[in-house]
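To start, I am sharing the structure in question, which I have written as structure tokens.
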Amino acid sequence: MPAGAFAERGADLELVGIQKRFPGFTAIDELDLTIPAGSFFALLGPSGCGKTTTLRLVAGLEEPTRGRILIGGVDVTDTKAHERPVNTVFQSYALFPHMSIIENVSFGLKRRRIADAAGRAHEALRLVELDHLAQRRPQQLSGGQQQRVALARAIVNRPALLLLDEPLGALDLKLRRQMQLELKTIQEEVGLTFLHVTHDQEEAMTMADTVAVMNKGAIEQMGPPAELYESPRTVFVANFLGQSNLFSGDVVDSTGTAITVDAAGARLVVPTARARRHQGSVTIGVRPEKVALHREAPVESAERNVLGPGHVIDVSFSGVSTQYLVTVPGVGTLTVFAQNIGSGPVAAEGAEVWVSWDVAHGFGLDDDADSAPRFAADDDTESIAVHRREALVAELEEH
Amino acid sequence: MAFAAFATAEAQTQAPKRKSRIALFLLLPGIAYLVLFFLAPLISLLLTSLQAPREFGDIGQFDYAFNWQNYTAVVESYLPHILRSFGYALAATLLALVISYPLAYFIGVKARRWPMLQGLMLVLVIAPFFISFLLRTLAWKQLLSDESFVITSLKALSLMAPDAHFTGTPFAVIFGLTYNFIPFMTLPLYTTLERLDTRYLEAGSDLYASPFTVFRKVTIPLSMPGIVAGTLLTFIPAAGDYINASRDFLGGTETQMMGNVIEANFLVLLNYPAAAALSIILMAVILVLVGVYVKRSGTEELL
Amino acid sequence: MSGEVQAAAVLGDLAGSEARDPGSRPPRRRRIGLGDWLLPAYTIIAFVFLLIPIVYTFVFSFNDSLKSNISWRGFTFDKWLNVCNVEGGAVCQAFGNSIVIGIAATVIATTLGTMIALALVRYRFRARSAISLLLFLPMATPEVVLGAGLAAQFLAVGVPKDMTTIILAHTMFCISFVVVTVKARISSLDPALEEAGRDLYGSPAQVFWRVTFPLLTPGILAAALLSFALSFDDFIITNFNSGSVSTFPKYVYISASRGIPAEANVIASAVFLFALALVVVAQVSRTARAKRLAQLG
């Protein structure tokens, strides 16, 4: 059977006014979400943002406090997990340790009394290239193999909706890439609706055609990955999805095409179309790779925002690019990613530099950097490192 | 739990091979003790079971011989006791399993979110251990005697025939065995259920299995080590027990088990070979049953 | 993330019953799960069943009974205050014997068992499986066989039965349980701790007494308590090897036919309360410690 025959059309998923409260806290508040059939949708957010709860609500492993869940237009809010046309690839894989691989994969088919369960299970295993291990036990497989079995166990049932709960979290980088590709291929071949939950922005961006960034139980922004990256709507999105240099200030000038923001004396221009707010105090930003580093003051131009002079306080070389931290007095610290096109760094630590970027690359946010502190889950090493660095930078500035 | 503990330790094979003299020093006293006071007695028992009465000797005087007829003799005279022993033990084991499983499931799975309650319930499970085995059996005897409130009430409600008894019947003995060995069943069940990863249960329901099917196909197989250990820890002592079946406790003349006749032959009739032969039969049957059972249930790694 | 999943799973169950918004749609709850009320109710009934004989024994320790303690004759503290006055103190004598035997057997079995456990985990040697079998068999042998076997041996060798034979017998069946308990503890120890001790210039003896032994203490203590409990409550093996020496269970067994005095209930109740207090304190402090650790982490 060609892989295409697996494709039983995926179904729309609709969440209407979902609220989920646990004693003591609200995990999800007023969530409305529609995922069209056949799409690969990623819910991206830090741990504790409610994304896993959302997934469990869809799977039927949790009940919403309020709201309705519809799959393919059918209200499934009051049906139990085993009655929903949904399958999950669990984060821990949850392969039954007392059953062989083939027994695991045919488990769902047998429950639904589907004819030729074994044959279909073997086909699914062939799809993930593990049919030769059908008689093994899950414990005898590597992490990557287990992950593929978990995938086969889910898709063999041809669910209307496939839920992926950080399925790549436990894999090493190389396997991860491989699995990402494989998942994407299978999704394209099978044509199911995929709902993928992850905290890994790269994973979300490479795989999904629509990404929803979730924070504190609500969706902050939703759209194609490139759109989210190029024009983030909120401070949270700007910082969680990649890195951003953010500046706050009052709008001092506004034409039909651009607004000018006074950031501690520096005048920064953002196209009106790329700014969410056009008056009062606003926060604007630019991605570090869009920023250029200059050893001498660049020529003033209407097309470029220029900041400087400032000092390089840190240089870290990472192969394809070099990351510079530049302090501009009054404005703050910027991160600059420079492609290693030449040989050796452009500027050494302590060097006096200017930075500039194309006006068209800036974006204006909907909220303020101060009102929503930089995302920080305190168990996350990355954010700890960020805080450390910020503290160090602040200390350096004082001297 | 004891059985399970042996299994986990066997996995520890990376122990370094070094200083075997220290190992010898550590092992020797304990192993010698077990050889002297466990293995040698078993051999004594085997030899005793083959003894023949001393010619013109007194009661209780025997000589070493190869009198295997002792075995046929005890089987002839005590076949009902032998059958009763294993029958009662089997019934009590099954009852204890049925009673203990939901209890262990509640403590081990449902009560996970309240560790304090979980701990206190565990204490309640083992609480019967803290009061004398004999006294708690006697307590049941008194609570269920013909004059007791329970029995008179049952008779008043015509749920029991007016001339029926509870104590002294096989039911009473099985009841006593079940009660006394429930903690032995519950604890190993609890140990495995407490470690049961509930995500497997979620995976089961995600794969279209109803709660009952999840229980049958996932929960039960995953708790098999606990079931095997619990049934062994119940069945073995229950088969050899003679307190519950004793006339002074819950039993009667028609409920005597192997333990009772071994005791009577050894300590009262001083017929040591008969007692020894019965003991050997008891032990052999148990070892065979346990071996077959463990093999059938696919948990060899327990031993 | 797995923490999040688990917390969500745990909290989710709670939320099902407690956190439902009263203002939301009426709980058109899909069939109420059996486990929601049936299992807790069953658990309560099971515990009542388990505790009935204990409560009975305790209540009848206050019975103003005559010789046999079967029917309720009124409340009195007398039996608790004058435990040793009945039958010339036979109950107390038996109880004292049980304590002595329990302590002796516990000390010997815990020492020998801990040594074996250490050897089994820390060293490799041949005959390992044979030794494992030798340790397992006493636990898989019915007590009546153990008792009869030892009695047959003592008879064959011509050793008179007294306190010593009881202690020898009890030690024998306690060793295996000690090994199992201590071994579990050693296996859960991180070998790196001992290596760290050696790395920090500890001689093998110093490492053992300053690192390994303190870490093993909880396991050894648990094994000792288990041994004592097994020895104290043992009747079957004792009965075969005690001769004329009385222990508390033996006293109860012999008195069963002619009626057990309320003083026996007093002793059993006192032991019960003592053991219960011990276990509850240990359990509560352990849970509290786990809670504190969880908060730190």
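List of remarks:
Per-chain numbering from 1; labels A, B and C assigned in written order.
What we mean here is this: a contact is a pair of C-beta atoms (placed from the backbone, for glycine too) under 8 Å apart; a residue touches a chain by one contact, two chains touch by 3 or more.
Please read all numbers here as calculations on a predicted model, not as lab measurements.
Using CA-based centroids throughout, the chain positioned farthest away from chain B is A. Of all chains displayed, C has the C-alpha centre closest to the centre of the whole protein C-alpha set. With each centre defined as the average position of its C-alpha atoms, the distance from chain B to chain C rounds to 16 Å.
Centre-to-centre spacing of chain A and chain C amounts to 53 Å, using the average Cα coordinate of each chain.
Chain centres here are Cα means. That of chain A falls 57 Å from that of chain B.
Each of residues 5, 9, 14 in chain C touches at least two other chains. Looking at chain B, residues 199, 202, 211 sit in touch with two or more other chains. Of all residues in chain A, those that touch two or more other chains are 61, 80, 92. The part of chain A that touches chain B in the complex is made up of residues 59-61, 80-83, 86-88, 90, 92, 94-99, 107-108, 111-112, 153, 157. Contact residues of chain C toward chain B in the complex are 5, 9-10, 13-14, 33-35, 39-40, 42-43, 46-47, 49-54, 56-57, 60, 70, 112-113, 115-116, 118-125, 131-132, 134-146, 148-153, 155-156, 168-169, 171-172, 175-177, 179-181, 183-184, 187, 229, 233, 235-236, 239-240, 248-249, 252-253, 256-257, 260, 264-265, 268-269, 271-272, 275-276, 279-280, 283-284, 286-287, 290-291. If you check the complex, the residues on chain B that touch chain A are 197, 199-200, 202-211, 213-214, 217-218, 221-222, 224. Chain B contributes residues 2-3, 5-6, 8-10, 12, 15-20, 22-24, 26-27, 29-31, 33-35, 37-42, 44-45, 47-48, 99, 102-103, 105-107, 110, 112-113, 115-116, 119-140, 142-143, 179, 182-183, 198-199, 202, 211, 232, 236-237, 239-243, 246, 248-249, 258-259, 262-263, 266-267, 272, 275-276, 279-280, 282-283, 286-287, 290, 303 to its touches with chain C in the complex.
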